[in-house]
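What follows is a pair of complexes built around subunit A, which joins subunit B in one and subunit C in the other.
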Partner chain A sequence: MSLPSIRPWTWLKITVGLTYVFMLAPILVTIVVSFNAGTRSVFPPEGWSLRWWYEAFSPEWQSAIYLTLGLSSTTAVLCTVVGLPLAFGLVRHRFPGRKLLILLVLGPLLLPTLATGIGLLQVFHWTGIFETVGFGSLLVGHVVISLPFAVRTISVSLLGLPANVEAAAASLGANRIQIFWQIILPLIRNGLVAGALFAFIHSFTDVNLSLFLSGPAAAPITVKILGFLEFGFAPTLAALSAISLIIPLLVVLAVQRTTRLGDFVYAPKQP
Partner chain B sequence: MLQSSLSVTGATGTGADAPALVLKGVGKSYGPHWAVRDLDIAVEQGEFVTLLGPSGCGKTTTLSIIAGFVEPDAGTILLRGKPLVGLPPFKRGIGVVFQDYALFPHMSVAQNVGYGLRARRIPRPEIDARVEQMLELVRLGGLGSRSPQALSGGQRQRVALARALVINPEFLLLDEPLSNLDLKLREEMRLEVVRLQRQLSVPTIFVTHDQSEALAMSNRIVVMNDGRVEQIGSPKDIYETPANRFVAQFIGSMNLISATVVEAVAAGATGLVQFADGSRVSIPFRTGSQAGRQVSVAVRPERCAVVRQTPKSDGTAALAATVTHLVYLGSKVEIHLELAAGGVAVVESVGGTVDDFEAGQRVAFLASPQDCTALPD
Partner chain C sequence: MFGVHWILIAGPALFLLLFFVFPNALLLSASLLKSENQVLTSKLTLDNFGFVLSKAHYQRAILRTFVVGASVGLLVAIISLPISYFLIRTTSRFKGVLITLSLAPLLASVVVRTYGWYVILDRFGFVNDVLLNFSLIEERIAFIPSTGGIILGLTHALLPYGILTNLAALSSINPNLETASMSLGENRCRTFFRVVLPLSMPGLVASFLLAFSISISAYATPAILGGYASRTIATHIYTFIMQVLDWSLGATFGAILIGFTVFILVLMFRFGGRRLEL
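Entry: the complex of A and B
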């Protein structure tokens, strides 16, 4: 083989390698640090211990993790339930105000979450629907910022439905309800699952919006970690970071076994 | 049994011989444009009728209106005397086979075929038995557990047919179901579709833009153009006595030679026409005409002949012509002519050889008057 034909591949390999190093190395360092025996977060560790993991599973941190899990799962379910009819309307129908609705649904994707957070905080304050900060307002906020992901993936799967299958089912005697449950829903299942998953991850990892909407009684793990950081980077935080990394990862791996997520990550079509 | 209920006249009878399907004055407009207009079509019991026309002629719209996917803006549709307009597709009991087959990708072949029966809440054992029977009928026995994606194009086609037929539809609609198959398979499936249709005696409308499909498969053909019916008739009628220039040129190829009507002639009678070079011939008229009107004398290329010298007048239409070029097609030769009376003509010579004529040669173009038809311009 001649040199010129090797070189581009070599460079590509180096680039990919560096990308992995910069993406994964900090994560690995964090995980290693969480097993440090010393009281300071240093690398390499000054011995091995599980004490920080015991610390991370203390009742206080546990409740924050459960709250986050509850918040993210509820957000995922609500986003799917609200996103399905929204995607249907936007993909299948042309009505006055459709453009505005698209803007409203996808808007939070374009706006800084910070702006959304401040806006929501003011709305809650004025209307008094929810206690200004707490689980209720967190949930509303997370649904607003995670909805675009659900609507987009569900729209993509609706657009990808094979032509005429609904007409075929209708000609065979299926009414609208039967067509929805027996034909449409099974065929957009991947999109629904992917949409729920993206909403879950987006909600689970959010810190910007949660900063504004969480209260003392209801603070997701990300906000708690941020608060704890003011007292320095204790190895407990390394363990907590590892936990908040592993949970979404496990969910993705579990879903990946049954659903082709790649279709929605790499080939998004415009709704 | 089939022949007795067949009609080639297209009359919309009543009583025992009532047609299976009647379209009366059906129209559909999109804005100012009429996709179809003033459709009057009747399909007899057990009959196989083809809607034939160029793309955009409204044939698929007509099919969608019958299936109930599109609501017409005008007219009535009767299926065995029962009005269909306003009835949703799932209550019509009409089987539809789509161009892309529209099989359900998340179901096995057997589940696809059984879908219509499940939607009707028929008991499971009966569904299984009928699906099995239908798969045998379309020669897919034993493939019920396969996924549609694992089948060839021809096999998918059979699944789509089985799925539409297993519900014992009162009517069958086929939307260009053969156009996605390669040539050899398409010709095979033509026979297969006709065999099934005859065997089950289900009245059928078949949509195609392929004239050879239409001629080979149909009891009757409805030629459509620009949203309207141009002619309804048996394949032989359509080919041999086209109603107008559009039908004449859309089906097969046709020589059209301008002439003037010499004296008034009634529809179906024989009348004298005169060509631009002064020669006259007496030919059948499909529609009546007044004297002095311009008409086109239509004659098929395979019904004409070319000779080196003009014969003595014996009633044969003979026109002076010059050979422009020859096209060798293996089994036949096309001789392209320029007529002294104006216009061009093509003659198909089977068994002739290219060497018989050469470009620039002066010849006579011959056609027997009973093979000619006068078409209004």
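Entry: the complex of A and C
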């Protein structure tokens, strides 16, 4: 290759390197600051200590972490249970109003989560269900906003499933229930796991919805950190931020051992 | 008669109608209702919009929200294109790792990402320390809270979405087109600008509109990096709903956000190469 054809690529590499620094630096800074020995969040840290991590595991914050974990896991399971029949109906059947239903399913992804949050709060107030906001109200909201991720991912794996597999099973005498449990479900297992994972992550990192549906006793860790930030950027909050990053990271790493996630991150072109 | 698909979709569809469509419809209708002493009445009125649009204080917040949205959209589109192009075309054996690393920030909530910016940009933060050390400034500068801080923080937060959008769009460009262009005597730079760039337009437009639509309703970043001096529609909504308890004005701002988001979505489906598919 001649020299002038190499140089633009080198420039591109430099640009890309700087982009990575821009993307990762603030996150790394937060993690480093949480190990600071001083009482202020400064970078580079004034010595090292684990005191802020110790404080981050106080009973009060622990309960917030458990609440968030419970909320996001339940959301992931419910999204998969609700999303599977929805994806199945949309992928395998053509019916009047199908486009409208797709719009309805993707809606929570398209419209501002903030508005859905206020609207839900109003609905809960008016109808009297979940009169005191907390886990129940959060759960309903989180299932609504995380559902699109589950449905899309499950749809991708259903689209990759040859339709004649079912015909083959049926011709060999399997009934509908057997086909579903013994043929389809094992084949789309990856899609189900990935869909549940994306729903979990979306729920775990949400702020805009939880902001309105949390109660004083029941607030996810993101909202709780945000509330405390108003009083100052204490290093404990940096440690808690790091925890709220490490949990989804560990979950992704654990899932990745058994499931290829890359196939679902940016969906392949439909046939 | 009813086929099996109706049984499959009826439950989930009902759930979404109840807890997604109904709340948003309620919000839109509340913006058209008069409220007296913080209680909604059944009187239809456009006063809420008149009030919000006539106060200079709120006008500035609305203007700021859209300046932020447009700037963030532009920056996200411009920054995410080169890295996406690199990730699609690189032959490095670390390609998989690099793609993962570029999307990893999605695992961090906005709160985590904004905290880092505070430490970097604060009056007593990293950048000020460095500038003072090299005597480039004499007095500490307050970079945040500011509108610029909001734009920076949101660009950072939404970059992975831009990369995802551009990766999807660029992956459909045939690499042979670039080889052909170079074999016909164009250099790599001109090939990029005359062959790749026009073909990546739908991805660019889509990432601009996506970042625009998400950033106008972002709450955490403006709240932390914008503060009380640089308020946006979203931070006003929070104050109205959670602190002042004025539902109709909160709903009015919410309706403005929904209206503009729908407008952007229409543009996205029209020009961003998006189709309404799962």
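Throughout what follows, the second predicted complex is superposed on the first by the 262 of 271 C-alpha atoms of A that agree within 3 Å, B and C clash if a C-alpha of one lies under 4 Å from a C-alpha of the other, contacts with A are read in each partner's own complex, and residues count from 1 in each chain.
Rule of thumb we're sticking to: a residue touches a chain if its C-beta (ideal position, glycine included) is under 8 Å from a C-beta of that chain, and two chains touch if they have at least 3 such contacts.
Everything quoted here is computed from the prediction, not taken from an experiment.
Undergrad: Would subunit B and subunit C fit next to each other on subunit A once aligned, or clash?
TA: fit
Undergrad: Kindly classify A:19 by the partners it touches after superposition: subunit B alone (first), subunit C alone (second), both, or neither?
TA: second
Undergrad: After lining up the shared chain so the two structures overlap, which partner does A:110 touch, if you call subunit B first and subunit C second: first, second, both or neither?
TA: In the superposition, A:110 touches subunit C alone.
Undergrad: Classify the contacts of A:8 with the two partner chains as first (subunit B alone), second (subunit C alone), both, or neither.
TA: In the superposition, A:8 contacts subunit C only.
Undergrad: Contact-wise, after the overlay, does A:257 reach subunit B, subunit C, both or neither (first, second, both, neither)?
TA: Neither subunit B nor subunit C is touched by A:257.
Undergrad: Measure off the angle at the C-alpha centre of subunit A toward the C-alpha centres of subunit B and subunit C in the combined model, and quote it in steps of 10°.
TA: In the superposed model, the angle at subunit A is 100 degrees.
Undergrad: See if subunit A has more residues touched by subunit B or by subunit C, and give me that chain.
TA: C
Undergrad: Taking the superposed arrangement, what is the smallest distance in Å from a C-alpha atom of subunit B to one of subunit C?
TA: Least C-alpha distance after superposition: 15 Å.
Undergrad: Residue by residue on subunit A, keep only those touching subunit B in one complex and subunit C in the other, then list them.
TA: Residues common to the subunit A contacts of subunit C and of subunit B do not exist here, since the sets are disjoint.
Undergrad: Using the touch rule from the top, collect the residues of subunit B that touch subunit A in their complex.
TA: These residues of subunit B touch subunit A: 67-69, 88-96, 98, 100, 102-106, 115-116, 119-120, 163-164, 167.
Undergrad: Using the touch definition from the top, list the residues of subunit A that touch subunit C in their complex.
TA: Listed in rising order, the residues of subunit A that touch subunit C are 4-5, 8-9, 12-13, 15-16, 19-20, 22-30, 33, 40-44, 82-83, 85-93, 95, 99, 101-108, 110-116, 118-123, 126, 140-141, 143-144, 147, 151-152, 155-156, 201, 204-208, 211-212, 222, 225-226, 229, 233, 237-238, 241-242, 244-245, 248-249, 252, 262, 265-267, 269-270.
Undergrad: Which of the residues in subunit A end up touching subunit B in this complex?
TA: Per the stated touch rule, the residues are 162-165, 167-175, 178, 182-183, 186-187.
Undergrad: Okay, in this complex, where on subunit C does subunit A touch?
TA: 3-9, 11-13, 15-17, 19-27, 30, 79, 82-83, 85-86, 96, 99, 101-120, 122, 124-126, 156, 159-160, 164, 167-168, 171-172, 182, 187-189, 192, 213, 216-220, 223-224, 234, 237-238, 241-242, 247, 250-251, 254-255, 257-258, 261-262, 265, 276-278
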